[in-house]
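I've put the structures underneath this note.
Across the two complexes that follow, chain A remains constant while its partner is chain B and subsequently chain C.
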Partner chain A sequence: MTTEMFILATLDGLSAAALLFMVALGLTLIFGVMGILNVAHGSLYAIGGYVAATLGLAIDKFGLSPALYLPALFLAAILIGPLLGTLLEVGLLRRILGKEHVLQLLVTFAAFMILEDVQRLVWGTQPYFVSNVMNQFGNTDVLGITYTNYQMIVLPVVAAVAYYGLRYFLTKTWLGREVIAMTFHREVATAMGVNAKLVSLLTFVIGAGLGTLGGALASPSTALLPGVGADMIVQSFAVIAIAGLGQLGGAALAACLIGLSRSFAVYLMPELAVLTPYIIMVLVLLVRPEGLFAATSMRRI
Partner chain B sequence: MFIRLVTVALIVLTIIISHSFPWLKTPVIFSLCNGLAVLGVIVLIRAGQVSFGHAMYSCAAGYMVVFLARAYQLDGLLLIGLATSVATVFSALLGLFIVRYRGIFFGMLNLAFSMVLYSIISKFTTITGGTDGLSFTRPPLAGFVLERDAFETALLYVVLACALICGLLAQRYFESAPGQSLAAIKTNETRLEYLGISAKHVFWMGYLFSGFLAGLGGSLFAIAQGLVTPEAGYWVRSGEFVFIAILGGSGHAIGAYLGAFIFEFVRFYAAALLTGAWQITLGTVLIVIIFLAPEGLVGMLTRFRLPARR
Partner chain C sequence: MLELKEVSARIAGVPVLRAINAEIARTSTAAIVGRNGAGKTTLLRIIMGFVPFAAKGSVVLDGKDLSRVSPHDRPRLGIGYGPEDRVLFPSFTVEENLRFPCEVIRMPTKAVDRRMDEVLAIVPELAPLLARSAAVLSGGQAKMAVLGRSLMVGTRLVLLDEPFQGLAPVLALQYTEALKRLQGARPDLTILITESNRSLLKDIPSVTWTLERGAMTVAGGGSGPRGSLPEAAPSD
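And now, the complex of A and B:
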């Protein structure tokens, strides 16, 4: 492996990790509060990407100002995340809180299947690739490698802002602390006067928004195809499983681990690239079944 | 009693349908094969666990059938036996690791392993034929070299016998001490351990049995189709198994076959009408079942029985 390849793989890995981290953050936040792994989160990512790509194409078509490219990505996430999030939470998730874990998982899996087909019906099976934002930001030379500013600077910055923003919200604001209380014990939190329904809905909308934002920001640098949602849910699950369910900070490290190892695998062993998240997840869980950063949980008899 | 009646009716119906409408023989065989794999998923659902990767055992058994059939001139029944044993051993080994996990982790780890297998099969084109799969010539069955039509009829009875035996076996298992302990993993695992029973061991046995059933279903499917593709191990297949298991219900082994028949025939007739919206249909039906009839078809049957008892 040459130095150029090494740098290229590192940059690829870090930008992928930034996206992965945002999506996983949403997934783990929802899990923390509702105790449900939302399989449909992968579809939120994919639909966020498709909507962003459609907006990007629309800007070109109507000859609008190129300055709108970047805001359009955020607009896509803000439009579709809360909309689908509310729909899913009110229509399905809040109705299955008391059900068995198997059934909860299956309901979100069913929602995922429905949304996968919806994508195919709306956007077809042709790959979408709208890279106008990425070209707009230009390239920079890093140690002899030309790399896009968008992937190198914009993505990690947005991911960091999302993480610190979320942490500020959770630890410093009243509503955020109610969310934290809910993750510890839903019933006790309700007894203390937390509006559980509202907090659940809010958390879900924020989580869904992070998912769609991840998709929207990924759309300039990756081609959107049917199946990206399935790929993303597996990767982001691997991230939160490695970190330990509900661990926000650990997810950043786990995302880097998966992003980097996948990008290195692309250069070194392309056949194994798809498998790296699975392999790392299996290896980590083999040693630490609860994940790397999980706190030990109490056993209820 | 009512369920026994349904079982007999189903067997008779299977035989009548496939003799009076020969073109339905293949879907009947396929749904019985699927039913076997679904029964494997149901064993795990009784323990409160759902596997999103059980198609890997069907797929592994299917490829084993192809490899053996292409390399040696073996009898069909021997192929089924060997391939099923390989899948069972595979599940026993993987089970050693997987049975340590519950809930989401269990489901996703099964998915992870099935995806690893799927990618390996799709990538190593020279050995596995890649995404086109591998085909093989029709093997002799129990020593007889049969024409296509006779072969299908014979295979139908083999599959039917396997399904019946496995259904009875599963019912026996559910009612036995290990089967009851398996169900206790769902209700309260800690209490099970307090009784001095190793939950891990109980679950491992269940996992082994479910791997055996999925492998048997997969090897029969491969023989019936004469072709195996990596699709047989894709997560969509595993998802279908779980779907059928929920549709049929986990209360009784018959649920697997009832669900599989309905699934296969709805797909047979409705797939053309619903092209492009097939997954929407599956997803919607799944949600409706979970909300309105969480016990599945078996639950409806047992509820039907109750008034007679009063």
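And now, the complex of A and C:
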């Protein structure tokens, strides 16, 4: 492996990790409060990306200011995350609360399949690639490698803001503390006055928003095509399995682990690249079934 | 006054409670004694609104039909709950756990501070634990903290599910003392305690029921001035 390849693989891996982290953060937050591993989270990622790409194309088509490119990504996430999130939570998730995990997985998997077809119906099967935002941010030379500022700076900064923002919300605001209480014990939290329905909905909307934000921010640097949602949900599962459910900081490290190993595999063993999340997950779970960072005996967020 | 009228419940098709009738006056402390699986926890969870019961029954607190009140609105009515498995939120300190129910119902900070002082006067054992993480408490300390937390909002009705279970004699004595101070400090409060071992309760309850296979019978009034006559259904 040459130095150039090493640097390229590192930068690729870190920018992929930033996106993966945001999506996994949403997934683990929702699991913490509702106890449901939501497979349809992958669809939220994909649809967030498609909507962002559509907005990006519209900006070009109507000759609007390029200053709108970046806001359009966030707008896409803010439009579609809460909307789809509310639909999914009210229509589906709250009806399968406390049911067997197999049933929950099947139901959210069904929702994922349906949404996958909706994407094909609306956006077709041809790849979408709207890189106008990325070009706008320019490039930087890193030891002889030219790399986009968007992937190298914007994505990690947004991921860090999402992480610290979420931590602040969970530990410093009264609503956040209600969310935490719910992750530990739904019934006792309710007996203490927490409106479980409302807090679940709110958590789901925030989690869904993180999923769509991940997709929207991925759209400039990744080609959107059928299957991106499935790929993302598999990687996010691997992240939270490795980190331990509900471990926010651990999820950041796990996302780096998966992002980097996958990008290095692309250069070194391309045929194994798709398998790396599974391989790492299996290795970690063999040694520590509860995840690398799970606190002893208790679940926390 | 807490009234249970014809309260029957089935869980998974099996009758767990059968036509429970009881009245507990304000100012009185009632004990429900029953073996494991008798239905004690189920009865308290019914009062808290977590278990559905047959439509013809009702649970009424001071004239208000509790089946029309959402479970999460109970703390606002002054109902405090100490669950059996002494659940505290482990990422909070003991003090945060105590303040939590008040915070959730958006009680002004000044009022919470006052409530806190009042509770610490009743359960002084909690004072040195306040700054600790709830995750590191021993089982007995957690029972004390759960009692304290239930008193933070429980000004009209406090439900305690097997508070003495697993308490070493010294701690059990402290707990009894705390309950006595509570009876003195909040004479208007209705207290409902479940227990599998009657002798642990000493002379705390003014009335004691026995719950057996889902049916409740009077086991005897208490001593003390806080007595009230229960209206209990005959057993099967």
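Points to keep in mind about this one:
Basically, the second predicted complex is superposed on the first by the 295 of 301 C-alpha atoms of A that agree within 3 Å, B and C clash if a C-alpha of one lies under 4 Å from a C-alpha of the other, contacts with A are read in each partner's own complex, and residues count from 1 in each chain.
Rule of thumb we're sticking to: a contact is a pair of C-beta atoms (placed from the backbone, for glycine too) under 8 Å apart; a residue touches a chain by one contact, two chains touch by 3 or more.
This one's a predicted model, so the numbers in the text were calculated from it and none came from an experiment.
Chain B and chain C, once both complexes are superposed via chain A, fit side by side. Using the contact criterion defined above for the overlaid structures, shared-chain residue A:Y278 touches chain B, although it does not reach chain C. Note on chain A: of its two partners chain C and chain B, the one contacting more of its residues is B. Contact with neither chain B nor chain C is seen for A:V133 once the two complexes are overlaid on the shared chain. When the two complexes are overlaid on their common chain A, residue A:I180 makes contact with chain C while staying clear of chain B. In the superposed model, A:L106 lies in contact with chain B only, and not with chain C. By the touch criterion defined above, A:L155 lies against neither chain B nor chain C after alignment on the C-alpha atoms of chain A. Applying the stated contact rule after C-alpha superposition, one finds that A:A241 touches chain B and leaves chain C untouched. Of the two partner chains, chain C is the only one touched by A:N195; chain B is not.
Our angle of interest has its tip at the CA centre of chain A and reaches the CA centres of chain B and chain C; in the overlay it is 90°, to the nearest 10. Residue contacts after overlaying the shared chain place A:L8 against neither chain B nor chain C. Superposition on chain A places chain B within reach of chain C only down to 13 Å, the least C-alpha distance between them. Under the contact criterion defined above, the residues of chain A that touch both chain B in one complex and chain C in the other are 300-301. Those residues of chain A that touch chain B in the shared complex are 37, 92, 95-96, 99-103, 105-107, 109-114, 116-118, 120-121, 230, 234, 237-238, 241, 245, 271, 274-275, 278-279, 281-282, 285-286, 289, 299-301. Considering their complex, residues 48, 50, 70-76, 81, 83, 87, 89-92, 96, 100-101, 103-106, 135, 149, 153 of chain C touch chain A. Within the complex formed with chain C, the chain A residues making contact are 174, 177-178, 180-181, 184-185, 187-196, 298, 300-301. Only residues 45, 48-50, 52, 97, 100-101, 103-105, 107-109, 111-113, 115-116, 119, 123, 186, 188, 190-191, 194, 235, 239, 242, 246, 276-280, 282-284, 286-287, 290-291, 294 of chain B touch chain A when the two sit together in their complex.
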